[in-house]
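A short write-up of the structure that comes next.
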Amino acid sequence: MRRGVREFVTVALPLLAALALAPLFYSNELLLFNFIMFLILAQGLNAIYGFTGYLPFGYVGFFGAGAYGFALAVMHLNASPLLAMACAGVAALVLGVVLTPLLRLSGAYFAIANLAAAQAVYQVISNPALQDVTKGPYGVTLSSVFAPALSYGVALIILAATLALIAWLRNARFGLALQAIREDPVSAAMAGVAVVRGRTIAWLLSALIAGLAGGVFAWHISVFYPETAFDLSFSIFAIVFTLFGGAATQLGPILGVLLLYGLYNVIGITVPQYFQLIYGVLIVLLVLFLPDGLASLATRRGFRVP
Amino acid sequence: MLRRVVVCLLAIACMAGARGAWAQQSRPADERLGGCFDGYLDKAQTEQASAPQPGQPGAPAEIRIGHLHASSGPYASISMPVYLGLKLWVEQMNAGGGAMVKPFGRKLPLRLISYDDQSNPGTAATLTNQLITQDKVDLLIADSGSVLTAVSVPIAREHKMFLFDPTGTGAAFFSKDNPYIALLADPVSTVWPRFLWEFLKSDVAAAGLTRVAILYSTNDFTGTQAASIRAALKAPGSPVQIVFDQGVPTSTSNYAVLIDNIAAANPDVVLELGYVGNDIAFLRNLQESGKNFRMVFTLYPGIETSTLLKNVGQSGLAGVFSYVTALAYSYPPEVGMTLEQFRGSWEKAYAKSGVEFGWNAIAGYVTGLVLGQTLACTDSLAQLDVRKSVFSLSGKLKTLIGTFELNEQGAQIGELTPIGQIAPEGKDGIHFTVVYPPAMASGKPIFGAK
Amino acid sequence: MLAHAILSGLVFGCYFTLVGLGLNLIFGVMRIVNLAHGDVVMLGAFAAFWLFALIGLHPLISSLIVLAIFALLGLPVYYLVVPRLLAARDSEMLSIILFFGVQQIIEAIATIAFGTSERSIPGRVLGSGPLHLLGQALPVAWVVSAAVSLLAVALVYLYLYRSRVGTLTRAVMVNRDEALASGIDVHRVSALAFGIGVALAGLAGVFSPFMLGSATPAMGGDVNLAAFAVIVIGSLGDPRGTMLGGLIYGVALMLMQTYMSAWANLLPNLLLIAVLLVRPTGLLGRQVRRA
Amino acid sequence: MATELLRADDLSSGYGKVRVLWGTGLAVEAAETVVLLGANGAGKTTLLKVLIGLLPAWSGRIEFGHEDITRLRPDQRVRRRMAYMSELGVFPGLTIEENLRIGGQFVPPAQLRARMAELFETFPALAGKRHALASSLSGGQRKMLGIAKALAADPLLLVMDEPSAGLSPLFVAEVIAVLRRFRGTGLALLIAEQNVAFLDLADRVYTLDGGRIGFSGTVAALHQEDALHRAYFGLG
């Protein structure tokens, strides 16, 4: 456990400090915010994929649920942003509980079923029949609570909590047990690990994190359509970043987001006309030549990656 | 507190701008729109000749225009023509030495910085911010397609940057408390269908066609239009009866069963409101189904005419009603090229690009024209002056798509598109007969043709 | 209305079987998810479009050319990426990301090459006017597309169940390790299945303008979602299951369009989840559940 | 002296970074039955996988019929008439006949037909269920099918990984009885086992422990090695 604290201090704190100070030096605050958001999402995905091997392809479902949890609380309850953030978390958690039976599926089946579930949530929320509740396909405007500086700060706090959670998972007995499940569910079960309970907890934590990310995204961006909140690229980006960095570590997804999302933006800004092509080629090369992520470069040489 | 004061001031400025006539009366004559507006192209040339004050203090080397487009993804087919139309305008201006910028009293070259958001709203948001905070653009233009436009609205507002919105018609963008936006080329969704419902309630009903079916795609653009049509048709005293009213997901690509269902409701008039892909699939399925309705209206035959013609064919379009945009109804422009000239330039520049000429291409070009006039009329590049300048054009600027006119929230209410009916022309061409409003009509509607 | 919905659902379902078939074959044999499947369908649509627009080639002839060329294109792609991918630790999951990258590449190149406007082939090319079938009027183009789809399903069935390589292919589907141990040249068998899978996607693309209205470089995503629904409802890896999945998908979609059109796209997703939870193996499948 | 069919020298291999084989070597002569005796985790399966080509040899050399096959793929080794029966041994999702066809995939069709007829004679329980799925068979029958499938290839050498695994003693005896019928038909057998009952078949024995060959020699010689005898046969 002490190692967890040390890892948090050495890895997470400098990152958090840098992100807290960055707006003073760099004025595209939204880009910084998106970095924070993807850091949260990548770590949330890490909690379920890295530690149990379930790849939630429809991870954006929780994100969207969080965004709409936030929006509905603001629109209908006139909630303060912080209360609405709580609603975002609750919305994602409820969705997580509803989708828990999906954990009975494995591999691609789980990934596809999870994707279908995210699509289903999107189709319900964007349906014109629910216009009075969700504004249906017409999108929401939350300008009454728009507060970019405050929501930036809240996003940082969520990131800090998420990183702390991952540092704990990585070093606590609970996290080790989860990884044992990932490697070999049958013998882990025989070793007395409460397989089902363990992975359910990881699943719900992961959902909660995505929901909070969605909530703070809704708050920060304030005008959006259901297509925005349920954009599949949130899932895909989070997955690609996590895998590129190396799942089941704290540092891996951080590096993944900083390098790949950084590169994504550099390409998007410098060579817009070949943006998609370059990014596609990059992803293919990464999977082929670095399938276990950046962290594996170190672990293969016998170093422990925090 | 400070913010509230600013908002109040802006609201006042907004009202002042919107009531152009009143505002002009109270200003000295030389500051009036007319002073910089009337045929500014010619004037700019003469100014050039008659020694423009070189080396105006503080004149920038270029005017930076920030823009977003989507080269891929679901919004690419709307966004790319707008982008290329705008690009064409920028290139033409630069070929002529740049655009006249009033505060510096001379022409300055334009630099278009257009990022690709790949139809991804999150990326569009970051790139909007990039344009404002890093590229420090002088003028900011949003992407087309309401989903992508939406994310730029609060960012522009937060940075007090005036947002030129070419075609993002979402009614929610335009509110009295946000002075930092104006819709340039498309009419806002709530007013766009006005001629349609008027036509249905007058001429069409008089011809005995009173049973109307509405089938719309459930997105902001077509859903809003459906809602305003519905409201108008249900208004007290309406002679029209809605017998079928359903939404379908925008991704719907097959309408055969829906057409069968509509036929079962036995309507006289079928309104199908969707995006390009929806209209193509609907009209193809309608033709293949062998079903006949006395009047069929869809949006895109008049908006992306050549795409529709290529995909649906002459026989599939014959008899269909649609909006008549500038593609088929020429307005004499006071500024910029005529339709024929623009179309010629487009074909020359983009024949091989795979992006069809259509309304959105024109919308991009008109966005450029508005930009140009704005620069020619603005007192400074301060964004509220830019806004004032844009609003001062309202009701006066006449381009190839008609008169540019904004309501006080910045939504486009001029440039209303009349209703027309398609007739075959030649071997595989078509032409529109304008049937409503009467003042513009060039012929009578023929019901029962489809 | 009910009869029409069911009948067109069946016809539509045949076509969607074809859309899912290639994806299913590749997953069944290699246990990798070809996320670029929908984009290959898109390429097939553009191939047929250009063959028609430039030299007036009938789509039925184009379909043969597309089958051959796409199969040949699939082989080098297989050898370039799949063996490396399969050697990785969690290849099933990694494949999703790898083919996401491939999808980006295909879409980017298609956009550069073809532009963003909608393209299609006129429906009358496959025969004009509605065809009356069991008292219901259906577009001829639909019926032709459905017939081609059925033929393709039948050929894949014959390949898998009546040919020597087909037996080896099914052996690889059943157990890749045992197939290796039995001396099956697993890469040759897989490459062949990959080529066929890609070719089937291309074939589905040829007929997509008739079934889906028009084609754009961005159409792949929606096609993928439908294909996933079809093959999971049926069962991953079994062409008969795909057929069943396709028919259920088609009929369910058309019934939803008839009675609750705004919710039409929700149903396939709910169906997919329900089928997986009640029968995780798909309606015709084998064990996939884990501890 | 009989001709040497398989010869492996100084093999090392393993999984990832974990080394399992440490300079292991063995040889099998034509028509000879060799049992590789070792406890769970001794490296038997690893050694067999290296021999058939499912795992790469990190070092060392394998010869089959005096040809260097160290770098060949499994299918290339099977083509050279070296068959392998894994612990699973069959494809449960395929029919019995299909399983046999896969076993005999490199045998010319006419010859395969004759071979299959022979096998159905040898395994009458399978003959009646040609078109049933292998998954419908009992554990013992599956093992028989596994043997039949491997034999369909008409191999010179059959390498078997624990044919007794998961079987009751009654079926183990049956398996041994079947294998005995193939001794002396020119077929060489290499059987990895921990069940000493298979020693009844053996011409020679290797013991494997910790990835290294301990003893090699005849069964009789093994019985004389007290320590080994105790280790494998227990105190009884």
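To keep things simple, chains are lettered A, B, C and D as they appear, and every chain counts its residues starting from 1.
Convention: contacts are C-beta pairs under 8 Å (C-beta built on N, C-alpha and C of every residue); 3 or more make two chains touch, one makes a residue touch a chain.
This one's a predicted model, so the numbers in the text were calculated from it and none came from an experiment.
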Note: chains that touch chain B and chain C both are A
Middle chain, criterion being Cα centroid separation | C
Averaged over CA atoms, how far is the centre of chain C from the centre of chain D? Could you give it in whole Å?
-> 41
Distance between the centres, which are taken as Cα means, of chain C and chain A, whole angstrom = 31
Where chain A and chain B are represented by their mean Cα positions, the distance between them in whole Å = 37
Please report how many Å separate the Cα centroid of chain A from that of chain D, as a whole number.
-> 50
Name the residues of chain C that each touch 2 or more other chains.
-> 107-108, 111, 221, 262, 265
Going by the touch rule set out above, which residues of chain A reach two or more other chains?
-> 123, 127-128, 275-276
Identify all positions of chain D at which a residue touches two or more other chains, and write them in rising order.
-> none
How is the touch graph of the chains shaped: line, ring, star, complete or other?
-> other
Here the pairs of chains that touch are A-B, A-C, B-C, C-D
Of all residues in chain A, those that touch chain B in their complex | 27-31, 34, 123, 126-128, 136-139, 141, 143, 146, 148, 221-225, 227-228, 231, 233-234, 265, 268-269, 272-273, 275-276
As the complex stands, chain C meets chain D at residues 164, 167-168, 170-171, 173-175, 177-186, 286
What residues of chain C sit close enough to touch chain A in their complex?
-> 27, 31, 33, 81, 84-85, 88-90, 92-94, 96-98, 100-109, 111-112, 221, 225, 228-229, 232, 236, 262-263, 265-266, 268-270, 272-273, 276-277, 280, 288-291
Of chain A, residues touching chain C in the complex = 49, 53, 55, 57, 101-102, 104-109, 111-113, 115-117, 119-120, 123-124, 127-129, 185-186, 189, 195, 232, 236, 239-240, 243, 274-277, 279-284, 286-288, 291-292
What part of chain D is in contact with chain C in the complex they form?
-> 52, 54, 73-75, 77-79, 83-84, 86, 88-94, 98, 101-103, 105-106, 149, 153
